[in-house]
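Alright, structures below, take your time with them.
Two complexes come next, and they have one chain in common, subunit A, joined by subunit B in the first and subunit C in the second.
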Partner chain A sequence: MSLRRKEKALGWGIVSIYLFYTAIFWGYPFIWMFILAFTKWNFFGKPRFTGFNNFIKLFQDPVFWEVFLNTLRFMLYFLPMVFFGAMLFALALNKMKYFKSFVALSFLVANISSGVAYSIIFQNIFSDIGPINRFLYDHFGVTIPWFSSPSLAMLTIAIMVTWKFVGYYGLILYSGLQAIPKSLYEAAELDGATRWVKFWKITLPLINPAVVTVLILSINLSFGIFTEPYMITGGGPMNKTLTFMMYMYNTAFRRINPSYATALAIVTALINFGIILLVRRTVEKEVSIV
Partner chain B sequence: MKKKIVKDVIFHAVMIILALIWIYPYAWMFISSFKVPNEIFGKFIPSKLTLEHYKFIFFMSKKLERPFIRAFLNSVFISTVVTFSVMFFSSLIAYPLSKLKFGGGKAVFNFIIFQMLFPGFIFIIPLFVLIKKLHLLNTYPALIVPYLMSAWGVFMITQAYKSIPNDYIEAAKIDGARTLWIIFKVLLPLVRGTVSIVGLFTFISIWDNFMWPLIVMKDYNKMPLAVLLATFHHEYAAYVGPLLAGSVLQTIPMIVIFIIFRKQFLKGISMSFK
Partner chain C sequence: MRKLLVWLVVLALIVSVFGVKKIVFWTAPNPLQEEFWKPLVKQWNEQHPDVQIEWSVIPAAGSSEEAILTAIAAGRGPDISTNIFSGFAAQLAEMGAIVPLDKEFGDDFWEVIKARSMENVIKGWGLDGHYYVLPIYSNPMLFWWRKDLLEEAGFFTPPRTYSQVYKLAEKVTIPKKRYAIKVFAGKNWWDRWFDFITLYYAASEGAPYIKNNKAVFNNEYGKKVANFFYTLFKNGWTAIDLGKDPFEKGTILGGLMGPWHFNYTKEHYPEVYKSIEIAPPPVPDDYPSYKPVYTFADTKGLVLFSTCKYKKEAWEFIKWVFSNPENDARWIEITKMPPARGDITTNPIFKKYVENDPYFAATASYVAYAVPPALITTTIDVQNAMTNYLIEPVVYQKSTPEEALGKAVKEVNKILLSQ
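And now, the complex of A and B:
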């Protein structure tokens, strides 16, 4: 066998391990995803073809629109909080001279908290008799129904998720800041640029890739929220914390309607993708440091 | 000048206070898990410490069909097997994709990037159908097999291999090295950083994986800790002490791993947008 053919055989030999695996655990589900979305089925018997029925029903489903609005509301709270928090954190970290790694690691350790465990912790910290309400009651004479008020519950979840992700996103922005050459700022100072001008004209444009990364990660996260409402609110009060993932889970495994749930998952992914595309169009810019 | 020093001190003090606020939920969990029940929501500093909650989850919870120790070991087992499998297969499959000319490398690599575009949640229900058809529901393989190889892992290590000059491989070949030797003895040590990042993030994501095991595992004896803790929480929400002790058990391994591998963790983050 020639060297070339040997290399060819070896290459395909190794790659086929992956292709074989991915055909079963990615390709097969991928096909089933379409079968499910266009049929009616309850895990038993034969799926019955129903065309676009699931999708039509979905757009007429009031719960779907409720979930959609809940997710928008979550993003409305979460994106500004986590983005400005992360940005301030990155800028502050860039200025710190002492205790830098202590502060960085304290914020980052929140990110590796387990979803189930931190839901239990926050449910108790924010509970009616929990330490936060006790503090508020002792000092201001009020308590806040963090999880039991329909208008507050989603905000409280957004606060929890912000606690978890500020450090992680902040460090992404921070490593963007680190890559900016100091000479740019010095040159701008010679031209008499103020701090504000330097931030808008130098810092923000040059960390654009990091900003886009943070936005994409946080939007994807918003569509994947499951553990927090599942553990703490069960989607309530009054469906106000019902998320796409909870609705999908309930539909498929409690109401045994996997085909409708799969149509929901596909539409969720498309909305998610559409918003990402929109953000990339408006925020993403080519950057080059000359 | 003096004013600047004062400003600096205040700034650092504020940051340290913020950092302490950020660790507060962990501190509250940890301390409260040692408090007597009626002090959990009382004061922050307990008047006496107790191990009763740990005793409860370690010894008494078996009667409630909630074997916490076993669930902890299940989690260790599942996460470890998946992590080593992902590291092994990623290192192996990345080799032809980055270093061999076999007339398919580019197409397969693009396909892997294409796979990474899809969010994991759209596969959950169809994957459940597959696992059900394979009669794997309520078995360990249901929790392990779908994660044995990772498109992301292959992608990361392929990128890392690409930066290694081919001379290393040619030199090893002249010395008579076989393919597996080249991959695991020549290339792998040179990309140790990336491999450990892949392993670290895989371990943490499997340890924390929740929705999938919740769906495919109803057998209390084979549940990972996250799911067992959630079912315990649903039925015994008033047992705050044991719940917090269970949360400590679920959190500690991640914190230990985080502290040991903090450098790789930071490096992984700065790589995430390049």
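And now, the complex of A and C:
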């Protein structure tokens, strides 16, 4: 065998493991997804071709639009909260001299804890007779219907999810801060820049890649919320906390309509992708620290 | 002679390797139910070397339904599965995935029904004139009241009617601290079983809320129940979110519970366990006191899948388990849930449990009056509509009970017709 052929064989040999893996775990589901989206199937028997029926039905489905608005509302609450929180955390961590890893790890605990477990805990904390409402009632005579008010429930879920992700996103921003050379700040100080100016003109522009990463991760997350509403609100009150993931799950496994759920998944992914493209276009900047 | 023996051994080996019929059997992922099935399956397998039951619990997934559906889709589904609720059975039947037992086994099916005194119980399980499910247990949902707290407030029997509940509520409610009763079960679709549907059955002597594929719950009974909800919330006598274990913590004096909760309360709140008083759900004021009160049955059963290769053998196994009342006695002992049979309070085999455990006796006495949910394929959508158009508007006082009922029935009918 010539060297060329040997190398070729070796190359294919190495790549084949990946190709094989991809074919099974990516290719097969991908093809199956298209089959499902354009047919009607009920887990049993053969799928029946229905063309664009699922998609047409989807855009006429009032619940779909409700879920879409819910997701937008979740992002409206979650993105500023988590970004602001993570930024504060990163800046504080950057200033700290001691116990840095300890603090960072403490915040990460929230991120790795079980969704089911903390959902139960938050449910108790925020319940009508939970510690927060007891305190408010005893001292101010009011209570906040955290999960039971249609307009508040999504905000409460956003608070929970923020709690979970502040540490993780904070670390991403922190690593961005670490990469900024100190000399830039020193030069700015010589020119008489205030803290505020330094933050706006140096810090924020230079951590742009980290900011974009955090934004994209949190947008993706907004489209994937499941455990918290599933455990606590069941999508209510008045469908106001129903998310795409819950709607898909219920449609596939409770309404026994996996085809419609697949069409829903495809459209959700496209919306998700579209928003990410938009954010990258508007926020992302080329950054090079020389 | 020796040659013959060798041949016989070889033949036996071939039979044992190729002739064994395997039946895949799934049961609820619940430790108590596992404890019940384990020795039974072992015993059967020892007695029937040619028909082996491959038993396992329903694989871990978001829900039993998810696990079973994905297994069917993958062609690796069970032959028999327990833990099937009526709505899921209706869906499976519509798909053609399960077998109508009465059609497949004829008199043999009715023999089992008779042997287990299920003539009355099975009535609630008819679907298109056939029976696809063999109900295993039936949990009548009943109200638990805190005897200690009731007595403290000067009440020596639990309230029977709505007015009596109001009277109690006026006396014991402390805003944000203590309420008379829990009526709103939660925001999930299945929660409607445990509030509106239960109270509707109680008010109407177990009348159906969906009849001939049409919603009928905007009748006088539905109106009374909806008004009960409305009044309780309007006066602040109950709340939406009561936290975990409100009954045990004394946040409420009474609430709807299932028998599966006994073990939990006994273990975690032994003092509270001693002062439970069991009563049927409250009824409208004009409900005659001499009539029994009906309630909702949280009930699950087993189904036989149409993909099963050895249906006759599978049925033999089912028959073997459920024709023997001793097995139901063991079931009671382990799970504390009443088997779906009509003779628990009269059959001497169960006497021991009825006499020794007053809570079980109270529960068992309602099995005959416990009605399963409507057998429809759209349970989740129907009950979501009930939540969105009936319960939530009433609970949040956004519309009158009558308006909400009208709207909910209209929406539910839309869903039923779209099928």
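We take it that the second predicted complex is superposed on the first by the 271 of 290 C-alpha atoms of A that agree within 3 Å, B and C clash if a C-alpha of one lies under 4 Å from a C-alpha of the other, contacts with A are read in each partner's own complex, and residues count from 1 in each chain.
The rule is short, and it goes like this: a residue touches a chain if its C-beta (ideal position, glycine included) is under 8 Å from a C-beta of that chain, and two chains touch if they have at least 3 such contacts.
These numbers were taken from a predicted model, which means no experiment stands behind them.
Engineer: Subunit A superposed: clash or fit between subunit B and subunit C?
Structural biologist: clash
Engineer: Taking the superposition on A as described, I'd like to know which of subunit B and subunit C A:Tyr249 touches: first, second, both or neither.
Structural biologist: both
Engineer: See if subunit A has more residues touched by subunit B or by subunit C, and give me that chain.
Structural biologist: B
Engineer: Using the superposition on chain A described above, determine whether A:His139 touches subunit B (first), subunit C (second), both, or neither.
Structural biologist: Once the two structures are laid over each other on A, A:His139 reaches no partner at all.
Engineer: Given the touch rule stated above, what does A:Tyr28 touch, subunit B (first), subunit C (second), both, or neither?
Structural biologist: A:Tyr28 contacts subunit B only, not subunit C.
Engineer: If we overlay the two complexes on their shared chain A, which of subunit B and subunit C does A:Ile129 touch? Say first, second, both or neither.
Structural biologist: In the superposition, A:Ile129 contacts both subunit B and subunit C.
Engineer: Is A:Phe107 touching the first partner subunit B, the second partner subunit C, both, or neither of them?
Structural biologist: So A:Phe107 only meets subunit B here.
Engineer: Applying the touch criterion given at the start, work out whether A:Ile120 contacts subunit B, subunit C, both or neither, answering first, second, both or neither.
Structural biologist: Both: A:Ile120 reaches subunit B and subunit C.
Engineer: Quick one: is A:Arg281 in contact with subunit B, with subunit C, with both, or with neither? Answer first, second, both or neither.
Structural biologist: neither
Engineer: Where does A:Ser148 make contact in the superposed view: on subunit B (first), on subunit C (second), on both, or on neither?
Structural biologist: second
Engineer: Give one of first, second, both or neither to describe whether A:Thr233 is in contact with subunit B, with subunit C, with both, or with none.
Structural biologist: A:Thr233 sits against subunit C, while subunit B stays out of touch.
Engineer: Between 129-137, 165-173 or 255-263, work out which stretch of subunit B sticks into subunit C after superposition.
Structural biologist: It is 129-137.
Engineer: Once the complexes are superposed, what residues of subunit A are shared between the subunit B interface and the subunit C interface?
Structural biologist: 43, 120, 124, 127, 129-130, 134, 249, 253, 258
Engineer: Quick one: in the complex, what on subunit C touches subunit A?
Structural biologist: Per the touch definition, subunit C meets subunit A at residues 62-63, 65-66, 69-70, 72-73, 91, 95-97, 175-177, 186-189, 191, 239-244, 246, 251, 377-378, 380-381, 384, 387-388, 392, 396.
Engineer: For subunit A, which residues are in contact with subunit C within the complex?
Structural biologist: Within the complex, subunit A contacts subunit C at residues 42-45, 120, 123-124, 126-130, 133-134, 137, 143, 145-148, 150, 233-239, 249-250, 253-256, 258.
Engineer: Any idea which subunit A residues touch subunit B in the complex?
Structural biologist: So the residues of subunit A touching subunit B come out as 4, 7-12, 14-15, 17-19, 21-22, 24-26, 28-33, 36, 43, 92, 95-99, 102-110, 112-118, 120-122, 124-125, 127, 129-131, 134, 163, 167-168, 171-172, 175-176, 178, 209-210, 212-213, 220, 223-224, 226-227, 230-231, 245, 248-249, 252-253, 258, 261-262, 265-266, 268-269, 272.
Engineer: Per the contact definition, I'd like the list of subunit B residues that touch subunit A in the complex.
Structural biologist: Of all residues in subunit B, those touching subunit A are 8, 11-12, 15-16, 18-20, 22-23, 25-26, 28-29, 32, 40-41, 44, 89, 92-93, 95-97, 100-105, 108, 115, 118-119, 121-130, 132, 145-146, 148-149, 151, 154, 179, 204, 207-208, 210-211, 215, 226-227, 229-230, 233, 240, 243-244, 246-248, 250-251, 254-255, 257-258, 262, 265-266, 269-270, 272-274.
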